[in-house]
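In what follows, chain A forms one complex with chain B and a second complex with chain C.
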Partner chain A sequence: MSDIHYRSAVEFPFLSAPDGSISLADHSEYTKVLVRADRKTAAGKHLKVSYGRSRSRDGILICGSRPDEWTLLSEAHRSTEVAESVPRDGFVSVVDITHARTMFRISGSCAVDALAKVCNVDLADHMTPDGAVFSGSIAKVGCDVVRNDQEAGRSYLIACERSFGKYLFAVVADACAEFGIAIPSGMSTH
Partner chain B sequence: MSSHRILSRPGELIDRSTRLSFTWNGRPYTGYKGDTIASALAAEGVGVFSRGLKYHRRRGILTADHWDPNLAVQVGDEPNVRAGSRRLVEGMQVTAQNVWPCLRFDIGTATRLVGRFLSAGFYYKTFMRPRFLWNHVYQRVLRKFAPGGQVHWQTKSHDNYDKRYAHPDVLVAGGGPAGIAAALAAAKAGASVMLVEQEPELGGHLRWGGPDDLSVLDGLLEAVQSCSGIEILCDSVVTGRYDHNWVAIMQRSHPVALERLIKARVGSLVVAPGLIERPYVFAGNDTPGVMLSGAVKRLINLWAVSPGHRAVVFSANLEGDAVLADLESAGVEVVAVLDARAGDDVVRVKGKGRVKTILTGDGQTLEADLLVTAVGWTSPTSLLNMAGDRPVYDQVAARYFPQSLPDNVLATGGITGDGSITELVAHGRETGTLAASRAMRIRHDRMSATARSPKPSFDRPAAVSDERVPLRRVPHPECYQSSTHGLVDFSEDISSKDLIQAAAEGFDSIELMKRYTTVTMGPSQGKLETVNAAAVLAEARQTAIVDVGTTVWRPPFAPVSLGALAGQSFEPTRRSAIQNWHEANGATNMLAGQWVRPDHYGNPMAEVANVRNNVGLIDVTPLGKLDLRGPDVSRLLDLVYVNKWQNLEIGRVRYGVMVAEDGVVSDDGVTGRLAEEHYLMTTTSSGAGAVWEMLEDWLQTYRPEWEVHVTPVTGGLTSINVAGPRSRELLKRLVDDVDLSATAFPYFSVRKGSVAGVQDCIIWRIGFTGELSYEIHAHSGYALHIWEALLGAGSDLGVAPFGVEAQRILRLEKGHYIVGQDTDGLSKAPTASLGGLVKLDKLDTIGLPELRAAFQRSDLPVLVGLQTEDPSIVPEEACQIVSSDGNEILGRITSSRMSPTLGRSVCLAQVYSSLAAAGTLLTVKLVDGRRVKATVQEQHAHVDPEGERQRV
Partner chain C sequence: MIVVPCPSCGPRNSSDLRNAGEVVPRPDPDTATLTEWRSYLYLRENPASWVTETWYCRNGCRRYFTIERNTATNEIRESDTT
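Our next item is the complex of A and B:
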């Protein structure tokens, strides 16, 4: 498998405004593992993170994506390792959804303004602080979003069903154009 | 033309160092940066800007702001531009609209000859009969007289409208002194604030005031611009307030979009729109040169334009009196001042293109080219109306005031009363503080109730009652109409005479009169004319204005372009991991729901033949796929499918059909058991989402004790169907860890293995084409590699891709039905010939009672295979099957294609059960009316009914 390359639904891995005020980076290859378990199970106690919040531990970003459901995010090619880190006592489902989701990161001081053009969720600090996890519609596509600030400032990880990936990345890039991102020729929402 | 530009003014908005060129009706003009279209033209001596709607009388500047009903112009391809507020841009091409052939000589003036017949309700009365003229005559004629500019339907210049969401704690509608003060106070209290001002600059009436006003304005602007918690939106307007403080804002001059619609969810809405000066009703009040005092102040102080040479001022208030100083400073000779408070009046104005003489109430005739009226204000209470308020008329102050508002909507400024600048600012400040307090309470509740939000760091603010000291109400004369009749509604050309006639005809309720005459229904939506209309009606009814009531204002507050409302259209599309390959290799796409799919690669018939003779590949990724885990999966399958699932072995696959609670077939697919507690369910492409929701619904509500987890994995598993007699041979070249032999891997089995080096693929031995076939479900990130490997490995086997059209032909040849095409919203299990599949002895299945009842019936339609007598005729899908001697409908064609395998047409059809026996001769009525004969077949399958080709 080592010579077989992962192919993302997103065609342009990185776009940025010249002044760095906003950027888009494809993270589709990142490991994504879905865990479903009751909070009282060993898995639930191990993951700890409550619904709507996230926490980074051992290189894994644990996101409380829904009640009794967590999405574990990590660097690429760690699916087996991440899945095996979850205790399996009781009724627990661990599904590798790496290939089932397109994921990209939008970062920068203008990220909120760009997202406000395609998403009606209140992204103010008091409602959606760093670490917040929520599901919402972005340009009419159901997405899971994690506010995951980086050293450079605000940053959001956006994940959607893989088949919407090309469309969604293009739409968000288009929303970013106002803030300086140049849309590559050939990128289209259709 | 002589220049009307005067010397520099302290508060002027123009940049005299930057000249801009533009054209007006084809002639070149220049203005300054900061000019409005109207001020630039007025500075160049232009006095006529438009023509009236009905009588096409010349119109000049009336209010010199956004609400001016006489200043709607066409700019390039953009119609109905408000020349009173739109700023001049280099190269603008401005033309008058609603005139022909030109503004100066307008044929439409001929309507004045029949003006006496164009009374209230003219359209209703005139165009009723004869009815046959409605479409071909009346409609065409009326369209010629439709007001407004023109936009070409193919215009490219209007394609960049935008939308945005916002969630301010406090939204202040109106950037005058009270509004700015409210915004500052709310921000100081910790609220996030959005301050929206319709004009391109903040300040309201302070902008055209004296030195003291400008000084106050400077202080407010400095404070608001340095306040980080306030987002300022100028040249923007709050167009509507809806339930739960959902507020729409139209942002006009956006740097990258023509207009942007902002959808704001607001904690507290502060309404501070100020007041709008109203016109006076008298004969000739629409003559160019009749201006409101506010227009004169704006022209002189904001744009340094002299409004005329010789002026008469008709004033009923201090603001009107104050215009004298402005006129004098602009070098305008004031011929006379008529004081309405002392009983003076204006009776009539004469002049065609410009005011020439003014007839006063005491019989004087004054020669002047400018009449300035200052007779009071209208309260723009629209947003308060939208919040449920019904403003009440105050006879003393001669305008409407708010009555009762919800807690999250507050009013401040002139709309609530009168006062000095200091008093207005103080009231605004109190209002902002109150609004913030209430908004922070809402913010606390939202944070507390939202999982992703932190616990509020502040205590929940206590409910604060409104203890603001109300602004005074300064007495003002009820000065609405002279002894003569004049225009009430300048947009719609409605005169006071029209209103009186409407009242006489029985339309004497303000709401009925509005609809009958269209008064207040023009672009300004009653901003200028509502009180005047009520006053005229009150006089006609011999009652007080307060007893007349008021009309109800609804959104939008100001005219909104349709493009802005439509905005950017989001139409999500889904693509498989191989879709780019399809497009690069000659596929013609089709849209199946949201999925972009290859319909064919040039020749679907050849693609069918290749599958029958060699091997084909089709991308079937849209097939719904649900990962099911847990010890109770088989119980769930038993519940949702009509057949039994308890004994499905690991590695085996079973076909299942779902029905809804009414027994109607809703979805179908195969489910394979991958491990002890792990299954993979497939659904129809269109049904994937609905089936997932249905499963979750039943698990969460009906059987919460069952341990089943459902995870949709449709896009994560790319599905490739390898079909054809040489499919096994092809797969063997790429699969080395699964025994593909017929005995080891029989029909309706599933295995996990590697394909072309890609691990963890799920390989199914199933098929929809009637051929030996396998379906590979592979992780989508590696799917293209597998697809290309299959094509590369099978070149000597004749492998080629085939599209959806070929698949449809293949499945129809085989007689496989499609849920939703060969079944419909009434098709129950017997119709789909599912008698052998449905197990009525199960304890529970969704729709089981209906299924039991359905199988007792003999009148349900039945799906049958059908072939026309003439093999070359392919009846179109949905063609009716009728009685041989009439048009009684006996069924319909549900699927039909020309079969390249058989060289003849093949069909599936729903027919009455009495006609379903093999050999029955039916009559099919074609689209062109011809009737052809067709015979019911033994089975659905037209090709290989015994299934020998797929079970090898």
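Our next item is the complex of A and C:
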């Protein structure tokens, strides 16, 4: 596990509407560690989060991203620490995928309306409450999404393959344009 | 739109999944003839009625699972095959 400098695929790290109703923030440098293990292993019992849910513990957001698979998210440069926090007894796979994923956060009261334009998953409260983890298509890119509400309101963390990051960020920014985000000159929205 | 019930993710639009085709019994590799292998690899019944199919949940849990689908009506029901 290395904590080498992260070079994000996203060109514009932060975009926001003037009234603060919606914002996009690049979090690609966040630590992302993928754990695959049976639920009966020490790692599975330690992580203890079911598929489709997430929970924060010791500064690590534990996301049940697939059956018997978890994605651990944390602040940047914590890869080694986060990976070593997972017990390795039994058949367990722990991989640092920080540099393999682009991740950004969409927040604000208009976030749902903007995301609904490009996402095929029902974002209603009863389907995806705070803490929900789900996968779906956003602008035809397969993404892992975590609803991680902040004090300011609704917020979603969106992660995709790094090579799609620049495109996806631009498409979501374009979807946010009608809610007040100004597209920077130089950003191609395809 | 066809709604396919994924065992892990629940009902999802078929565009979130991939149809991996009819379930065909795999012959014993030690005893199968070339004709049997060819049949296993390339030949399908493709009836206009109930078919046991494998689907892949590509946008969700990324698991393979089996269901029965009526190819004439796209009606779907659970399969006993695992």
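Just so we're on the same page, the second predicted complex is superposed on the first by the 183 of 190 C-alpha atoms of A that agree within 3 Å, B and C clash if a C-alpha of one lies under 4 Å from a C-alpha of the other, contacts with A are read in each partner's own complex, and residues count from 1 in each chain.
In the analysis below, contacts are C-beta pairs under 8 Å (C-beta built on N, C-alpha and C of every residue); 3 or more make two chains touch, one makes a residue touch a chain.
Remember, predicted model here, so these are calculated numbers, not experimental data.
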Touching partner for A:His46 - first (chain B), second (chain C), both, neither: neither
Touching partner for A:Asn120 - first (chain B), second (chain C), both, neither: both
Touched partner set for A:Arg55, first chain B, second chain C, both or neither: neither
Chain B versus chain C as contact partner of A:Ala9, first or second or both or neither: first
If touched residues of chain A are counted for chain B and for chain C, the larger one: B
First, second, both or neither for A:His77, with chain B first and chain C second: neither
A:Ser163 touches, of chain B and chain C: first, second, both or neither? first
Which of chain B and chain C A:Val95 touches, first, second, both or neither: first
Chain B/chain C common contact set on chain A: 51-52, 120, 134
Touching residues (chain side chain C, partner chain A) in the complex: 8-9, 13, 15-16, 58-63
Parts of chain A lying in touch with chain C, wherever the complex brings them together: 51-52, 66-67, 120, 134-137, 142
For the chain A and chain B complex, residues of the former touching the latter: 1, 3-9, 11, 28-29, 34, 36, 50-53, 64, 91, 93, 95, 97-101, 116-122, 124, 126-129, 132-134, 139-141, 161-168, 171, 177-178, 189-190
Contact footprint of chain A on chain B as seen in their complex: 162-167, 192, 255-257, 263, 265, 443, 446-447, 450-454, 456, 570-577, 580, 595, 621, 627, 629-631, 707, 709, 711-717, 757-759, 779-785
